[in-house]
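There are two complexes below, and they share chain A, which is joined by chain B in the first and by chain C in the second.
Let's turn to the complex of A and B:
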């Protein structure tokens, strides 16, 4: 029997060459919150973040909003990114915001990876998709060996 | 003097499997003159380091790798643990007060991920990162970065006119001494290392094959 469900939705935009925007929503039967994140390339650095609660449980929760600004300056491709977010946004603020921020940034990385491959394909210089994705899994510290299919131990 | 400036042991770094005394023995065996324990956000007790130095007749120096928002920083001369991730500017203030030295550790680990499009990071863009304004040197040779990331760090050091260090970032025995810093002067302790880092008379290199 399903006793708990949480939905997370992330949408990513690439409105300018050097900007990615992610909008994330997390919702379960207790909490509901939203996040807007701006990431600039080529550093893949968080340059802006805003969040709000739709539903929360304690009067302490809204105090976590200000802690989102701790994430400004973090670089999302760094191997330690998730751990840092869990500390400076999660532990010091709200674990749900930390979780949603990581999801938003995962979405941006995916958009960047597939966007680059598409651009290479249009120029006629794209390697096979599988090879390209395998390469990215090794080059991006935060993704290293994180996928069973495309890791160096995969097929 | 050939020193590995960046080593983690299992005593204080949860992600390391390296025993401190094994690390010293291995460093001696492969021909290093010294080793620095730079644990994640934690420092060794000064007296414990002194005991290890005495026991093995080998240069062991106390350092720390601090998590900052802007990236990892190796610090020498600051004897305190860090609970929180801090801004690199704040760390610089603390290190200045203590008379220590700071090195940007593996500054581009994982950052040459995009090489062909508008997403790629040029050395000139990379050199504008704020972290480089707060450190005394950058780690241009790291045992944990791929070649193109190391080359980017070396190019950034050239652009900024900064000194480069080398460190293995060892978490296991076979990684010790992969990259090293070669100092012109003789270093006997932490104060001596800080002095040489500030003097800038050193170079970085790969060492262990």
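Let's turn to the complex of A and C:
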């Protein structure tokens, strides 16, 4: 029998050339919350955020909603992004909103890196993966040393 | 509007008969699928065993990160765990997605032990629930400053005397 479980779902849309929208849901035995995040390129900057609780633990928790606005202006590809979110949205607000926001933004990064390649593949005109990724690593600053694969291909 | 990307990350905790915890975190998204499973001893919260699997990835090289997980065996969950996991498993020499799955398991441990506190106060009045939360902070003083509810100035902490 499970003694705890958490489920997080994120969906990303790309309604305009320079806009990504993420919708995230976190549900576990204790908390239930939702986020909508807007990120604009080329700076990958958070330009809008809204959130709501469905379930929380203390009468003080709803005060964390306003602290979500601390994320506006943050750039999701900056090396310190996660640390900043955990401080200004998490410690100053709610750690679970910070957790879900990082999840949403990681989803946007994945969509920005591979979404175009997937679309080109569907049309049958995708370049080789290495060639495509090397181009993306040049275009999207901040990715180059983020993992063992990108650190090799980014050189 | 059609989605261009979707992610589902879920994590579970099972209490084992010897008192240990079995944690499992799974990520399934448009471009990646992986799982990390680990056993944690209670009460010392030491990682006794860990395994991981990358089931789908755009880059085959990602598989090279799997053996790094064994560096975590013997690690005790506590302050500094996030940095240790990110340094050993994530960063430019590893896989941040695997590191995130490990940290999802670590979060499960904390949440697993928070749940009984909250269950215990469910049927109480609002004041009773607040007293229960205050007792939780008394016994876990590291909660102070961890979020807005337990920040300085919060009414939940008014007059609360914390032990040494």
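Keep this in mind: the second predicted complex is superposed on the first by the 115 of 155 C-alpha atoms of A that agree within 3 Å, B and C clash if a C-alpha of one lies under 4 Å from a C-alpha of the other, contacts with A are read in each partner's own complex, and residues count from 1 in each chain.
As a convention for this text, contacts are C-beta pairs under 8 Å (C-beta built on N, C-alpha and C of every residue); 3 or more make two chains touch, one makes a residue touch a chain.
What you are looking at is a predicted structure, and each value in this text was computed from that prediction instead of being measured.
Judged by the touch definition given at the top, the superposed model places A:127 against neither chain B nor chain C. Looking at the shared chain after the overlay, A:92 reaches both chain B and chain C. When the shared chain is aligned, chain B comes close enough to touch A:141, but chain C does not. By the touch criterion defined above, A:110 lies against chain C but remains apart from chain B after alignment on the C-alpha atoms of chain A. After overlaying the two complexes on the shared chain, residue contacts for A:43 are found with chain B alone; chain C is out of touch. In the superposition on chain A, the chain among chain B and chain C reaching more residues of chain A is C. For the contact definition in use here, the residues of chain A common to its chain B contact set and its chain C contact set are 92, 115. For chain B in complex with chain A, the residues that touch the partner chain are 67, 69-72, 84-85, 87, 109-114, 116-122, 125-126, 129-130, 146. Taken in their complex, chain A has these residues touching chain B: 17-18, 41-44, 70, 72-75, 77-80, 84, 87-88, 92, 112, 115-116, 119-120, 125, 136, 138-142, 144. Considering their complex, residues 1-15, 28-30, 57-61, 63-64, 67, 90-95, 99, 103, 106-108, 110-111, 114-115, 118, 129, 133, 145-152 of chain A touch chain C. Listed in rising order, the residues of chain C touching chain A in the complex are 1-15, 21, 29-32, 58-59, 61-62, 64-65, 90-97, 100, 104, 107-108, 111-112, 114-115, 118, 126, 130, 133, 145-149, 151, 154-156.
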